[in-house]
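Letters are used for the chains, namely A, B, C and D, taken in the order the chains are written, and counting of residues starts over at 1 for each.
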Amino acid sequence: MRKFAGKDQIEHVIQAVIKLDLKPVPLYGVERTVIAVIGDERPVDEHHISSLPGVDRVMAVLDPYKLASRETKHEDTIIDLGDGVKVGGKKIAMMAGPCAVENEAQMETAAKAVKKAGAEIMRGGAFKPRTSPYSFEGLGTDGLKLLSQTAKRHGLKTVTEVLDIRDIGTVDKYADIFQIGARNMQNFNLLKEVGKTKKPVLLKRGMSSTVKEFLLAAEHIMTNGNSNVILCERGIRTFETETRNTLALATVPLIKELSHLPIVVDPSHSTGKPSLVAPMTKAAIAAGADGILVDVHPNPEEALCDGDQAIRPEAFEKLMIELKPIAEAVGRNL
Amino acid sequence: MRKFAGKDQIEHVIQAVIKLDLKPVPLYGVERTVIAVIGDERPVDEHHISSLPGVDRVMAVLDPYKLASRETKHEDTIIDLGDGVKVGGKKIAMMAGPCAVENEAQMETAAKAVKKAGAEIMRGGAFKPRTSPYSFEGLGTDGLKLLSQTAKRHGLKTVTEVLDIRDIGTVDKYADIFQIGARNMQNFNLLKEVGKTKKPVLLKRGMSSTVKEFLLAAEHIMTNGNSNVILCERGIRTFETETRNTLALATVPLIKELSHLPIVVDPSHSTGKPSLVAPMTKAAIAAGADGILVDVHPNPEEALCDGDQAIRPEAFEKLMIELKPIAEAVGRNL
Amino acid sequence: MRKFAGKDQIEHVIQAVIKLDLKPVPLYGVERTVIAVIGDERPVDEHHISSLPGVDRVMAVLDPYKLASRETKHEDTIIDLGDGVKVGGKKIAMMAGPCAVENEAQMETAAKAVKKAGAEIMRGGAFKPRTSPYSFEGLGTDGLKLLSQTAKRHGLKTVTEVLDIRDIGTVDKYADIFQIGARNMQNFNLLKEVGKTKKPVLLKRGMSSTVKEFLLAAEHIMTNGNSNVILCERGIRTFETETRNTLALATVPLIKELSHLPIVVDPSHSTGKPSLVAPMTKAAIAAGADGILVDVHPNPEEALCDGDQAIRPEAFEKLMIELKPIAEAVGRNL
Amino acid sequence: MRKFAGKDQIEHVIQAVIKLDLKPVPLYGVERTVIAVIGDERPVDEHHISSLPGVDRVMAVLDPYKLASRETKHEDTIIDLGDGVKVGGKKIAMMAGPCAVENEAQMETAAKAVKKAGAEIMRGGAFKPRTSPYSFEGLGTDGLKLLSQTAKRHGLKTVTEVLDIRDIGTVDKYADIFQIGARNMQNFNLLKEVGKTKKPVLLKRGMSSTVKEFLLAAEHIMTNGNSNVILCERGIRTFETETRNTLALATVPLIKELSHLPIVVDPSHSTGKPSLVAPMTKAAIAAGADGILVDVHPNPEEALCDGDQAIRPEAFEKLMIELKPIAEAVGRNL
């Protein structure tokens, strides 16, 4: 309560708390009165209480997410993509490929390289969200088919972005993992709809989302029945402009404490510079990431999308070799 | 180019620029070579050029938006809602009402108050995007109908949020202005679809969007044929936690320079505190805003959504009176 | 406490609280135990408590500042500069002049213009903090003398930045208000030393400081005996790059609630664009600011520092006229 | 130039550039005229040019720092502290110890632990910058002596913060490395004065400083004659509140590209959580850091400062062992 809150205001809040089926415990301090509340506060809109006269502030004690919380489920969630490919277990999940699906030759070269280097999951966008309406928006369903066919030929699983509720059925048919992009992390109806499927969802952190909001976005998927959520840290927006985003790598061990869900890191979109991809991939694995989502393009110069952040197949292959001792040092393998 | 870029790298970039139908002008400086480019760079993906070997950085000269730019259209856009209600003209457009449509009594009291105070447009959400899956999500179509009927009874126009492509038809039927919320500012398919209608769109700035991205989001609507875009500054996310968001009010005169589109300010969601609504509304009008979108609730204590940021009808009526001399001081009226 | 904190951990925290002469009140909830604490928590280092085993989080209830708080002193502080010039009263304090003192002719023209337009306080930097070591750093003591002489000749008071503890004596001799720049807002020894004088201090908000830290910086000055603190909102650093900083104007009414100290706004450094100075000055006054600190330069093109954000004398004179009705509308005068 | 800039405005800018001894190259584009400039732009105040009528924007091509740039000096700078202890070479420099020097017993236990684990440099603050004036401010000169004596006894080098120009002489006498804290990164006079000594300086990144400003702060030290600068990434301020700051780890490989100076990482202040220290230390080394600055306290519960972020000696010892294979994987040793 505010310093000069009257007795009637305090009483009014106490009554409001009781009405919500919670137990109020008023604490009369030296300068202020605090009304502690016992009970599950999650279903309560804190804005309701904070609008009452004389209230200074409402401070939530419980984390607002439940299904995503490690307090609810202790053991790590491991997501099984079939054929022995898993995300969240001892083996680090490498997801690699071009930003956008462009054509058969590009996909074939990329898939061969990804497979050869030892990755098991191929990425590639068929629907691209673009800041400018004048940019390439992806091949759509044709791109999906191309991704799926190429990946199958090489025994790779696939992850691809779904932008629009109307495309969920089609993407579900062709891909192994739905990707929800950073711009859609709070597109709640899209979360709800992928939550109604059983397919694993790779959920990218919104570029200005807190970790709490990130886990609440996962909760939106999980409350609809789909617990197969893979979190993806891809950098947040800060004042720094030398890198495309700021890779908040401490999110990895933090999420490991707060949640049982696996978390992967995207070193490509977070830095926007190919020269930073290798060191940040190493760092991500050292920090405990369960996987990596990385842009690999056979010919970045000719890429139709974000070519300036992709690494070449040779660089990826070299990186995979260099990652091994780091993975082992933290009790993982590749 | 980088400091130690070789001649062949420079030549390679020059050829790449020519291929894009642009004219390269190499400038050989003391420390570096710069390749100036003449022509319309908008359709070009700058990531393509920046991925070429030896390139240090690509710096765009032209603004990436065209239809939204004041360079393209000099005079202010005025949006006509019919019955003499306009946004962008001399008269400041006041949009007021509750955060969420709750029930008939609430709407009736709110509409009466809004009308009496002199506002012409009523706000009220039927579809609510909620950070937590455990919060009230709105009455849906029933809410739309209630908003529309109440507003009509009082001779008010309406603005309400559309969250989902599947609801565009219904919202189009019942509301006078589509609202695109901050979380959907880069939901490009939603922008595209409202762009295919003729109905005015109130586009809220994303909470971590730059002014450039904000205008590019408007461009997404405009390139689809709908030029009736009203921009809305509603605060950005910063490190400050005392207010819900940080109201970046300088955006108002800045947008006035860059664009011909009208811009309104939301003092409720940007500050999150009812006590800051009156001073920030005054400030917004003094800064040149074309309108205000404000939460007014007959009984904030009982509100199902964001009650702690709504002002009461009496406070709104008082504010409208206090705004008059400020509006006049900047050559406007209410 | 954490969800699975043991009884011994809870008891350990209770004992630690007692040792600090505070009264613990354990609240046993459904999921967690919360230990409420009664007493003045300000002298306690919360990091101490949060380091105890089993502690999840420490949430402070009291504001950490005391002397700067409106709860401590209800009435507005009015700072008297002598000769009828005050900051914080009904009359809005206009502080205008060039960013840097350059030469006699510049200062004379500027002073004449400032006086003629109706301002009572002249600004001008003699010691300039510069991001690059290759920039102009000010005239030093010669600049101080020039500022002081010119201002006196025109019956103006002066405000100028002090950067270095070693210059406090000299600046004290020549200026009427010490300015502490944004980069020094947490230079605690500098705050302490100006706190030992009786001279008014204009304290600029650090570019990434919260409002709480801003008031704590004022507290550093006040605990040393000097209560004559004028706060200055000058924009914070955000991801937006179109303006130099983001002017967080809601800070003005917020500070008015939290503190009794006067607050002024700097529309020049916060926006970095002369075209935004007039609208943001109007907005600042409409929001309740007690004064304005604005860059006015007789010839911005020839300015040695920040010429691109200064307005010309004619623009300042015009602005002063336009501000009158806005000041009156909020119960102030110029 | 702006789109509608006149011929005389263009000519005026061309003349202004010539006056600055630079060579203008006007490029007449489809929509705008761009005036390219050849020559060293560093000594030029870009605000001067941007204040000229008709100018839209000035875009700098050269990096503003010179001495700190890798373009100026190719090979890595290695800083020699004597007795075989170096920062920037193959061996990773571990700097460990308590946040604040408190008493002899604490220092003795800490030093023993630090030494035993294999670190060579001891940290410990004698002068503490504190946000609140009511917090412990350090033991001052007594603390310095205690740090120095204890470290010598155990054959350790020392690093400690200098806050005040008046303390430089004393700190110089007792410590091996000056630490400049984040809040003082732009205290230019302090930088200048430590720049006049020959002692190595550990410069912490300001909490809202860009990488460019960080390197310019180093440049302030270097232009005064001291090239022994060690950069320290310690997290930046963002909207995220779950961690104390956001550790921007990509700064490490980025700085390695831009500068020849060594860079170390502070996992304690950047995260504020002891449980995140080990994973982020591993990540920092995997990313290529030259050293680590970590809070180690024999009894965090009794720490007078930031106890909640310190790790215990046992945890530090374990961490040192776990770091070995990661250091080796990136071609370094401990």
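To be clear about the criterion, a contact is a pair of C-beta atoms (placed from the backbone, for glycine too) under 8 Å apart; a residue touches a chain by one contact, two chains touch by 3 or more.
Predicted model only: the values in this text are computed from it and were never measured.
Under the contact definition, chain B and chain C share the contacting chains A, D. Set against one another, B-D and A-D show the most C-beta pairs in contact at A-D.
Each chain gets a centre from the mean of its Cα atoms; the one farthest from the centre of chain B is D.
Distance between chain centres (mean CA atoms), chain B to chain D: 39 Å.
Computed from the mean C-alpha positions, the centre of chain C lies at a distance of 26 Å from the centre of chain D. Centre to centre, using the average C-alpha position, chain A and chain D are separated by 31 Å. In chain A, the residues that touch at least two other chains are 208, 237-239, 241. Remark: chain D residues 16, 42-43, 45, 47-48, 50-52, 64-65, 129-136, 163-166, 183-184, 186-189, 207-208, 213, 216, 219-220, 223, 237, 274, 300-310 touch chain C in the complex. Listing the residues of chain B that touch chain C in their complex gives 208, 210-212, 236, 238-243, 246-250, 252-254, 257, 270-271, 273, 275-276, 279-280, 282-288, 322, 325-326, 328-330. Residue ranges on chain D touching chain B, taken from their complex, read 3-4, 25, 27-32, 34, 36, 38-40, 59, 61-62, 71, 237-239, 241.
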